[in-house]
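Sharing a structure, written as structure tokens. Questions coming.
Chain naming follows the written order as A, B, C and D, and within any one chain the residues start at number 1.
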Amino acid sequence: MTLKSRQEYLDGIRSLNTELYACGKRVPDLWEHECVRPAMNAIGLVYELSEKADPDCFFTTHSPFIDGKVNRFLHIHQTRDDLRQRFRLSRFMVHRHGACIGARCVSTGALNSLFSTTFDIDSEMGTNYHGRFIDYVKYVQANDLAVSGAMMDVKGDRSRSPHQQADPDLYLHVVEKRDDGIIVRGAKASISGAAISHEIVVLPCTAMSAEDEAYAVSFAVPSDTRGVIHVAEAPAPNMRRLVGQEMDYGNAEYGVHGSTHVIFDDVFIPWERVFMCGEYGFAGELVARFANLQRLNTTGCKTGHRDLLMGAAAVIAEYNGAGTARHIREKLTDLYFESEKSFGCGLAAIYTGEKTRAGCFMPDPLYINIAKLQAVNAIWQGNYTVSDIAGGLVCTPPTADDLQHEKIGTLLDKYLKGREEVPTEHRIRMLRLVEYLTGQGSVVPIESTHGAGSPQAQKIVIQQSLMEKLDRFKKDAKIMAGIKED
Amino acid sequence: MTLKSRQEYLDGIRSLNTELYACGKRVPDLWEHECVRPAMNAIGLVYELSEKADPDCFFTTHSPFIDGKVNRFLHIHQTRDDLRQRFRLSRFMVHRHGACIGARCVSTGALNSLFSTTFDIDSEMGTNYHGRFIDYVKYVQANDLAVSGAMMDVKGDRSRSPHQQADPDLYLHVVEKRDDGIIVRGAKASISGAAISHEIVVLPCTAMSAEDEAYAVSFAVPSDTRGVIHVAEAPAPNMRRLVGQEMDYGNAEYGVHGSTHVIFDDVFIPWERVFMCGEYGFAGELVARFANLQRLNTTGCKTGHRDLLMGAAAVIAEYNGAGTARHIREKLTDLYFESEKSFGCGLAAIYTGEKTRAGCFMPDPLYINIAKLQAVNAIWQGNYTVSDIAGGLVCTPPTADDLQHEKIGTLLDKYLKGREEVPTEHRIRMLRLVEYLTGQGSVVPIESTHGAGSPQAQKIVIQQSLMEKLDRFKKDAKIMAGIKED
Amino acid sequence: MTLKSRQEYLDGIRSLNTELYACGKRVPDLWEHECVRPAMNAIGLVYELSEKADPDCFFTTHSPFIDGKVNRFLHIHQTRDDLRQRFRLSRFMVHRHGACIGARCVSTGALNSLFSTTFDIDSEMGTNYHGRFIDYVKYVQANDLAVSGAMMDVKGDRSRSPHQQADPDLYLHVVEKRDDGIIVRGAKASISGAAISHEIVVLPCTAMSAEDEAYAVSFAVPSDTRGVIHVAEAPAPNMRRLVGQEMDYGNAEYGVHGSTHVIFDDVFIPWERVFMCGEYGFAGELVARFANLQRLNTTGCKTGHRDLLMGAAAVIAEYNGAGTARHIREKLTDLYFESEKSFGCGLAAIYTGEKTRAGCFMPDPLYINIAKLQAVNAIWQGNYTVSDIAGGLVCTPPTADDLQHEKIGTLLDKYLKGREEVPTEHRIRMLRLVEYLTGQGSVVPIESTHGAGSPQAQKIVIQQSLMEKLDRFKKDAKIMAGIKED
Amino acid sequence: MTLKSRQEYLDGIRSLNTELYACGKRVPDLWEHECVRPAMNAIGLVYELSEKADPDCFFTTHSPFIDGKVNRFLHIHQTRDDLRQRFRLSRFMVHRHGACIGARCVSTGALNSLFSTTFDIDSEMGTNYHGRFIDYVKYVQANDLAVSGAMMDVKGDRSRSPHQQADPDLYLHVVEKRDDGIIVRGAKASISGAAISHEIVVLPCTAMSAEDEAYAVSFAVPSDTRGVIHVAEAPAPNMRRLVGQEMDYGNAEYGVHGSTHVIFDDVFIPWERVFMCGEYGFAGELVARFANLQRLNTTGCKTGHRDLLMGAAAVIAEYNGAGTARHIREKLTDLYFESEKSFGCGLAAIYTGEKTRAGCFMPDPLYINIAKLQAVNAIWQGNYTVSDIAGGLVCTPPTADDLQHEKIGTLLDKYLKGREEVPTEHRIRMLRLVEYLTGQGSVVPIESTHGAGSPQAQKIVIQQSLMEKLDRFKKDAKIMAGIKED
């Protein structure tokens, strides 16, 4: 019932039989792979911080399900303040890791959305998913497991619904129901931390109709289950780790996103881990709840990214001798205005959020979608602004190998110096961080745009909200204009 | 101890000896003036709605000072939820009046900022303003008075502080201290509702140094006190009211802002109505508190304006036969996104607001300034978007006189028809409302920009907030980049 | 064959029998009406400047049709440089009048679009419009007439084409063909300068199909022809002119737009003035040419407006004592960037424009539509920026009557002073100009948005242009990605 | 006197003794290095296309200096149309290479700016640089050499001018003057194509005062001269080329920028190659001319990039099954609007450009700076928009090694399929191109921002232009407002 230590987490993940491929090769030991270790390190950091004394109940809190201390990422939100603490935690953690902790972060969305939706399914359909799911919550809480969430299917032709695809496997579905469980087939795309978590919670990714019944399936599965195959992402900055040195990476310790495509090649799931199976009418609401919680996490997380971005910009401006330039301060203020608008709307979503019938708190759909869309806008504005501030050298610093070279090392140290008192190495390290943070060296821009749902997804929610209110707005306008309709 | 009725308010104001000039003439009866009556009507509406049964305590609440029901506009905020109700009330009221209720609205800022600051002055300086001010609060609450707030001085040369002005009267100041009170001289610019309120609370408008001591003065004064001279604003839409008919005004019933320049021509204030006199060190904080509360009110109010604006746009699009055009729906969605970002940050300011030492709640300075600045951005975007949607006719509809003309009336009715089933008059009325709301026929754009402080004022607060955090952001960035100093 | 003088123009217009209604009353003498005279004054200014020695051929040029000097507004563009001079002229004139010279400006679009399209119709249909139209060009050039252009129909239900309207008259059409001419019925909306021009050239306003044949009609008609009925616009700032003094108007001398709704109540047009009658297949191209030329004029004109706007902002900032504030300079620079992007694209449209088969030059459709859309964006940004800079007083200055009042006049002069050395009256005049220019006191914002076509109209052209190129862009992309298709 | 072939260029560069380091190692054969060959390939393409029959004189033209055919990149602009052809060529070439041809492109700026400035120096100072420079022009034209231009110094502390730096070598300067020539020391940062050109033309990078005299130096030098040391950039996408396969690179054939830091370690320059030596008063104008020409090139080039970007977005949308989504078409239209505003202002800069005293044409400073700043804005908007359209998979596609793997290859081919008829490989290739173009896999965003001058540099020019006009704008405004100053 105690929390895991960092070392316990790392040892545990290494001891699994996870089937992970990276750049065309099976990865025998996750910790030894240059493009996996940093992602494990970030999760290790969460364990490390949570394990410490935490008097403010920031990293941990009390769970009524196990009547004991749990990591906040595994918590079912009992109060509005639970949502707020979780939101702050997303922002805080990025200040420390600057990357992604999806193997823990996503559990918030997966667990709370299923907690409330299994309750609703049972209430309406007379099923018994909710009790089963509570058992699962107790299991992961008691063992302090890293739980990832897999929602996004590979989706094939986006103009077609699941059952309309040419290949029926392009959305994950049940291919066989047995007495002891189900067999599922399909693939989930770009799942954060799936290969370095203990458990993966799988959910459908879209609202469904009766014809999609086989696709309305949700379950939990250990990440190293037979038939579960992970293929690692391979963005350019990861490839750099195969040929360079620590100094070249921008964020050497944590700076890998760590998502995998997860293929379910006829995987068996026992009934006690199945939380939805055919109740297609609930898929839409389950997806919406998961998405809204993930958008809350992402809003916090991206604010943390922009905090780092503004910090890096201010440092490199100083190193360049432009630390007091007024236009730089104003550009940062503009960015901060955009950034805090997003975080502020996240707070508003919590403040106006509501308790579900099952008892857990959810953020308000309108404000959390506004917050997430604004988060993406601000990330891109930030990338532009900070690239602008940092200067052209941000994409052409020499490598550590260059700097250590017998002949050119000294010359580069001499010529790439900024302000006299700043070591050239410091300047180059900060440039590499800017390169990393602005997406020249990370997946941040894309992940910001699409993680937790593409911008269009948020726009749809926002538009729906407007459509609901527009009749009232119109009525008010007519009264104002003195128009009297029979 | 009961609330005033609408009629009591109207009769009361008419019976005062308020010295108001409009277009170069003394106004003998406020209610009879075309450019004053609509503003009184809006305040009357507040009285009317508050007087009714109000089970949700939306318009009214319980005041501990008089141990009885008070109008929310006169309330000292006891809880966070008081702030939230007040914020919602600003938005709600605009749906009904579409104009300005400054003669009540501003009392929130004036009363709460003085409540907390008089407490602080007394604590530090050993003065006795706070008790005196509580007596005043009891007086206005018990009598349900309309209280306006006058902060903005005329300011003369903006590059100079109060005592540096060529004419010492360009900021309001104490010209004589007597046993029974003080004599003040100066002028406050563009004060919402000052001439149609019972009382005016006067505050300084900027932070001050020792040399500005005579300018650090705050007091309350009945609006018809001898020496208090009001000069009405005269925007073009008001002038239309002197020559046209009800149908031409867009918002005939309420659509006048109603601000006046208030000149204090050596006015006597008895000591029991003086709440600051020379304590220049507290002027800055008093201004900040007043401003933040006014920015909260304004954020709510401007959201209400944009709600009306979106409603009017949707109606006129329908009247034009373009109600189902997809680009119109998308433009309105974009506007809504901008609008709710502002309101959301207002909610965030309340959610993260704090209790002062004196016991009243204040919104968070960062988020309320972000909210207000975004409110202005969204108003201008809204004016553009809705002018775009409504069509060019918005600035060229014929007048009521044209429509009633023997010969051209019939022709105009025929030719200015939109969709078959919509009366031409309805279409023209809605166009007039758009004209009014987008500022072609109102002071909204300017008042949005500058009411409760100019955009630059908000940017300064936002920038200060960033400056406070930037060192931490920078430190995080250095750690991330692997930079070890010393 | 000589150019008209200002006085000849004014006397000539006054002597016509134009049937103009304003605010429900027939206007007996145009020059005597407060809301008509300023518009005539602006046209008078064009005559005045053109009449003077003009060695650079800026206002006038040589017409091959009459082999003599003509005003540029009546010119058929013989060279690319003719387009450029005309474009510059639009911008230049606004610096002088700050309002609208539609009664001359629009002739450029009307004459050049009909010159080229009548040629094309004759070439394809064997008709004889072109020679007839050249005779008309000679007539207006030789007599130096003010020619307005009327394209926009009132349009009724916008979701329906002309022949689908419930009332067939909602687009202007031929109701009878006779031996000596045609009878037309319908109404054109918001026609700039129609009542103060000598001649109105009428064109259809949309592409048409065979069923709309009766609507495909173009002709010229003297503005005081029997059955032609004008109804004046009545925006709020015009109404101010009925009650105020010169100082209150912002732009007293010229600041009235002067558009009218023009009703054609069964008007007879002789065949020699008919330039299209039933050739529906050419309506679309005629509209496009007229629109593109008008967008060129408008792009130039709105740049002139923004020049004035920046000037006014800089002056009022100085008057306020904020003339050296860096943020003001930067805001003006941002506005200038947006403004010149529009003018620059107008220049690009001329540079890449082409000669029609008939021999006159036309601007490039893509760039002129980009220029006009950007012009509108920049106008709204300008209104916001300059309202921001000018300060809240821009919507609350006292009237001339206030300033002349025995008692409050002195007080207002004292208290509304800005920098010591600037007379209060100067400051108030400049505030009124800002009020006028930002649309609080003019129709500029709306007219900017919709004059010469609504933003959506420009977006359509831009989108079409992209669609034409997209296949090539896609092909390039595939080659780049190494994709080999069959 | 004939143009070089692609093979002659490649063989020639390989045969030089260029001292290039990449990732800490001397590069023995440029063509064999994975991160150099693509850049040579792009230059090779220019030679290949120019060599072909070119009847339109697009790639080549006639030079009066050698009285023969020259590549446009080496041309001294004799006419306005030369500027236009050069501008179009920048855009066109990017459609083919999608990367950078700096080893040829920059020669336009270097040669034309020195051509005009050497003329001006001689005129004023009585020197003889111009004739010497014409000899150099003849030499490079006659031999069809690739000429890069090196302006940007490493600059050290940006708050200090050249002579104020702690290390005097942080701007390139003359350390010794000899009878036969000069010795120079310093370093130029991020010079496009320097290592793969035959010649480097060096210019100062800022306006200078008398104390900076030694820094006011310009010359030409073969790229493999003793003491000239090149250090290659090493952005993440280049590193990928050291570990992956062709399919992984997005733009395998050309997609490397190819800039180097160029260190001048006491390099001897003979007098016949020195074009400025101490004439500090001309440094500012030389820099401005070079910058304006480079901004013209960049404006064209970035428009070409956005053309590719829109093409790639449209293809990937089709592959995803979203090819007909209306919001995608509208987003692309918005991007196109921003893109063509930049190109249009480039055209305006040519149209309003002027001939220098020396006889070569230069673009207008205002419009070319507006064009370049808008180019950067549009690039970032494009990156956001196209990342949005392409979907989250853009940062997580599997590698070629993954796709060829015995077990997971088939699974990935199955699961990463989009529309049925599109091979999975095509979809992944297009995603890699989007990754490359949006800067996840290239230096485009940063290079767009800073190449040819940082945004702030353009803002300064724009602001200066406004300041020159503002007095006139202000005067007009005063006249309009009826203000009469003595």
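One rule holds for everything that comes next: contacts are C-beta pairs under 8 Å (C-beta built on N, C-alpha and C of every residue); 3 or more make two chains touch, one makes a residue touch a chain.
Note that the structure is a prediction, hence the values are computed from the model and not measured.
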Rotation angle (°) superposing Cα atoms of subunit A on subunit C, nearest 5: 180
Most remote chain, CA-based centroid, reference being subunit A: C
Geometric centre distance via CA averages, subunit D-subunit B, whole Å: 53
Rounded Å distance between subunit C and subunit D, as computed from the means of their C-alpha atoms: 42
For subunit B paired with subunit C, centre-to-centre distance based on mean C-alpha positions, whole Å: 38
Residue numbers of subunit D (touch at least two other chains): 327, 330, 459
Of subunit A, residues touching subunit D in the complex: 21, 23-25, 152, 154, 156-160, 166-167, 169-170, 186-187, 189-190, 229, 231, 233-237, 239-240, 242-244, 248, 257, 259, 261, 263, 265, 320-322, 324, 327, 376, 380, 383-384, 387-388, 391-405, 407-408, 411-412, 414-420, 435, 438-441, 443, 445-447, 449-451, 454-456, 459
Complex contacts: residues of subunit D adjacent to subunit C: 95-96, 98, 246-247, 250-253, 307-308, 310-312, 314-315, 329-330, 332-333, 336-337, 340-341, 343-352, 366-367, 370-371, 373-374, 426, 429-430, 432-433, 459, 462-463, 465-466, 469-470, 472-478, 480-483, 485
